[in-house]
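One structure coming up, written as structure tokens, with questions to follow.
Think of it as A, B and C in the order they're written, each chain with its own count starting at 1.
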Amino acid sequence: MSTGILLQLAQTLLAILLAPLLMGWVNQCRAWLQGRSAPPITQPYRTLKKLFHKDAVIAHNASPLFRFAPYMIFACMALAAGIVPTIANDLPFSPAADVIALVGIFALARVFLALAAMDIGTAFGSLGARREMLVSFLAEPALLMVFFTASFIAQSTELPVIVATLAHREFAIYPSITFAAVAFWMISVAENARIPVDNPGTHLELTMIHEAMILEYSARHLALIEWAVALKLFTYSALGIALFVPWGIAAQGDLAALPLALLAMVAKLLLGGAALAFLETISAKLRLFRAPEFLGTAFLLAVLGMLIHFLLEV
Amino acid sequence: MEIYWLLGIPLTGGIFLALWGCRKNAPEINALFSFLTLIAAALLTARIVEGGPMMVGAGWFFIDSFNVFLVALTALVAFTTSLFSRPYMRIEQEHGRLNAQRLRLYHSSYQIFIAAMLLALTTNNMGILWVAMEAATLATVLLVSLYRTPASLEAAWKYFILCGVGIALALFGTILLYFAAEKVLGSGGTALQWTQLNGVKAQLEPTVLSLAFVFLLVGYGTKVGLAPLHSWLPDAHAEGPTPVSAVLSGLLLNVALYAVMRSKVLVDGALGNNMAGNLMMGFGLLSVVLAAFLIKRQTDVKRMFAYSSIEHMGLITFAFGMGGAVANFAALLHMTMHSLTKSAIFFAVGHATQKAGTQLMADIRGLIQTNPTLGWGLMLGTVAILGVPPFGVFASEFLIITTAMHEHPWATPFLLLALGVAFASIFGKVQPMVFGETELPKLSYQPALTPVFLHLGLVLMLGLFIPPYLADWYRQAAQLLGG
Amino acid sequence: MTLTYHLQIVNLLAALLLLISFAMLSQRRIAGLITLFAWQGAALTASTALVAWSTGQHHLYYSAALTLVLKVIGMPWFFFRIVKKLDMDRDVEPMINIPTTMLIGIVLVIFSFNLALPISELSGTVMRSTLGIALACVLLAFLMMITRSKAIPQVIGFLAIENSLFFAATSATYGMPLVVELGVALDVMVGVFVMGIFFFQIRETFDSLDLKHMEKLKEK
């Protein structure tokens, strides 16, 4: 039991610490692919450090919610990152890792972010919050559909069970999972404010979604939010890995498999990050009005996956 | 042996005319090939009348009284149409509406169209039947757009797409049929042979077959021109050259209905109830009523007679749907009558529109003055198709309606109403065309109206007296269809 | 799951066919549509060949080869050439907006899955469960034909129907008899050829391949 708790803590800490590195890796890949000289892979850490050392400036009319929100968002993301099985399955917190609960945790963070953005009352903040809500309003049902498809196969909505079913059973091709994977990819792109739905690198008022919401933040608040963003990317990647390429995650109590699981996870994250960078490089950002269509397609794919599951796999 | 001649002659004709069709005497060559086909059909018919049903070519072809009757009809109408088209297309060329190149296309496609229809009629394989039906469509698509006017292109495109979709549904029906058959007969070529299927029809899976029939009926029904998938038909008839309208109306619709009937026999055997018949009655009745009311609104003479074709095909489908010896007999008889009469009407209409330079009925007047033979031809044809005694159409319609009164009394009022409406509107529109006043000069040439009077003569004869051997023949065919 | 791996791949390819059908529905460019059509042919070829290999139905190899030559190489090439030659504008212009079309598409899929369920239970083939997908693809291609106003997308819809029917035949019965299949292929080829002629005629007459110009013949 105590090893379980230790392992759980280690996994959570690992996620929190590794998340900025993943962000750095994606940025580096992107720079390479675009023919720019890349910033060092540790750049996100430096940014965070710099931000933590600054003095926070807060608008006069900010309510306590505005100060409180970054901590809340960070906590939500840290919790999510901790319960998704990354290296080991069936840890003490695992019963909490229900996919529906997970969607709820993401939603909680988002609500706080949107509230904080509207709190100051600037035009950009409300604009960003509204756009964010539009995107999430479409992404959430699609995400749930993806989870449902996976849980139909495993007969459970608990992530550890799903992972155990998919990873440790005889290998089989599930067409439905393939559909769900594509849909999940599209949703992750939208939820993490990446191209083609949003561009994390610009502050262009016509197009930005996520950046518009955090314009008023500075110093440690901004650092927490940036960190939470990195954690979110990490969590989604870990989720994707757990659902679609779960091989290598150590089974319950299998300590000997841990080093291998760690290696596998790092390799998968590296590959996934590179793929994300590649896809971002080759695609153009969509107009905001096209975003619903993009997410609609994701929803459609997820539903198709589910239908195909009933047709081909029952 | 005759069967190979029957299929080979028009096919050779098609290829020959494609290569050498630019010559001056291409219309005569076309007529010659059609004549040879007619002879082959006559020989084949004689053989069947004597020897009964037969299989030819290792089971690839199957000929019984039902299809040989249609083969004879097809070959006959194809021949008379080629006779009519000879002067007609010449005049079109002189008017500058067509050039030698397009005439070559026309003649070649015409022969291939006939070949495809004959193949569809004689083949024993439900798959080949589909292929031949599709080939017949493809052969006529370019004929419909022969004049290259915007309207004719539109009509051809509609024809192509709608019939393409329809025929795709029929293919799905055929696949389902094969699917059901495969389990009884084993996979391979024989499982789609109609004779084989007919032998084991009671063992075929009923659910699959009923679904298959729905697809086949809708698919081939599109080509029959059954409502609500009829919308290609008036366009194609109105915009294509008149000989094409004549063969489309007189022959292609029959062949499509033939395909439906072949499927119906199988489905009836498998289901043991009248589901197929009921469907056909429904579609048939809908077509009759809808067409009758649409006839009223037409201003274009070819369109009007095209709707009349829909009406009559609906009537035949309804009769086949009722089933039973008398109804089938009546339907077969009506099929013959309609083919002969409708093609005769189109011949007459063709000359009339050519003369007037328009297809609008309001602009065609006083045919009896410009050319009395033409005027009488159109008038008699119209009277015949409207079912006035003593023409044969009266006999077959009378049979259909009395049977309907007997077996499905609820349908009779609809039928009578539709026939009444059609009668009033067609007669009311044709009458001024024939007897009205005109300033146009007399026709400068003698129109080729022999086919018109030949057809009408046949219809009249069959109305007064059906020779016993012919009646026997119809009766046999009716029995084959489950009488 | 007791299916062997190649049959799982066949199932995957079936799912891919359905995906491509949806992609065609949502495609806005003619060039993209033609490419998707080629991909559909490719998926069809692969699945047919796999079925042939795993069940020992040798005539399916011919069908697969025919599909490859006609629908993956021949027709897309022909279409690209026509598009280039006629220098047409490259948008597809759906008549109903695309998300609505997609929703209708989902309904069609559910409908066809339900319709196919009782039939596929009767089938003896290893890939019977894909019959529903084939039917869904047929209906989706129909939908595409109905909602497009230009000539080439309509024709591609027509050919996609043909592809799906072919897939249906393979999944329900291991394909039709070879003669029939050859005949069907011949018809399709002639059909495409006739359409090619048609395109030029339409273009010559209307100066566009937009079928909106062709709505004169209506019942008044």
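Just so it is clear, contacts are C-beta pairs under 8 Å (C-beta built on N, C-alpha and C of every residue); 3 or more make two chains touch, one makes a residue touch a chain.
These numbers were taken from a predicted model, which means no experiment stands behind them.
Enquirer: So what shape is it, when you link every pair of chains that touch: line, ring, star, complete or other?
Expert: The chain contacts form an open line.
Enquirer: Hey, which chain is the most central one here, using CA centres?
Expert: Centroid comparison flags C as closest.
Enquirer: Out of A-C and B-C, which chain pair has the most contact pairs?
Expert: So, comparing the two chain pairs, more contacts are at B-C.
Enquirer: For subunit A and subunit B, let me know how many angstrom lie between their CA-based centres, rounded off.
Expert: Measuring from centre to centre gives 66 Å for this pair.
Enquirer: Could you work out how far the Cα centre of subunit A sits from that of subunit C, in whole Å?
Expert: 37
Enquirer: Averaging only over C-alpha atoms, locate the centres of subunit B and subunit C and give their separation in whole Å.
Expert: Centre separation, subunit B to subunit C: 31 Å.
Enquirer: Two or more other chains touching the same residue: where does that happen in subunit B?
Expert: Where subunit B is concerned, no single residue meets two or more other chains.
Enquirer: Would you pull the subunit C residues touching subunit A in the complex into a rising list?
Expert: So the residues of subunit C in touch with subunit A come to 1, 3, 5, 8-9, 11-12, 14-16, 18-19, 22, 26, 98-99, 102, 105-106, 109-110, 113, 129-130, 132-133.
Enquirer: Over in the complex, which subunit B residues touch subunit C? Could you list them?
Expert: 125, 127-128, 130-131, 134-135, 138, 141-142, 145, 148-151, 153-158, 160-161, 164-165, 168, 171-172, 174-176, 178-179, 182-183, 187-189, 191-192, 205, 207-208, 211, 235, 238-239, 294, 297, 299
Enquirer: Considering only the defined contacts, which subunit A positions touch subunit C in the complex?
Expert: Of all residues in subunit A, those touching subunit C are 170, 172-173, 175-176, 178-179, 292-293, 296-297, 300-301, 303-304, 307-308, 310-313.
Enquirer: So in the complex, which bits of subunit C are touching subunit B?
Expert: Going through subunit C, the ones touching subunit B are 115, 118-119, 122-124, 138, 142, 145, 151, 154, 158, 161-162, 165, 168-169, 172-174, 176-180, 183-184, 186-187, 190-191, 194-195, 197-198, 201-202, 204-206, 211, 213-217, 219-220.
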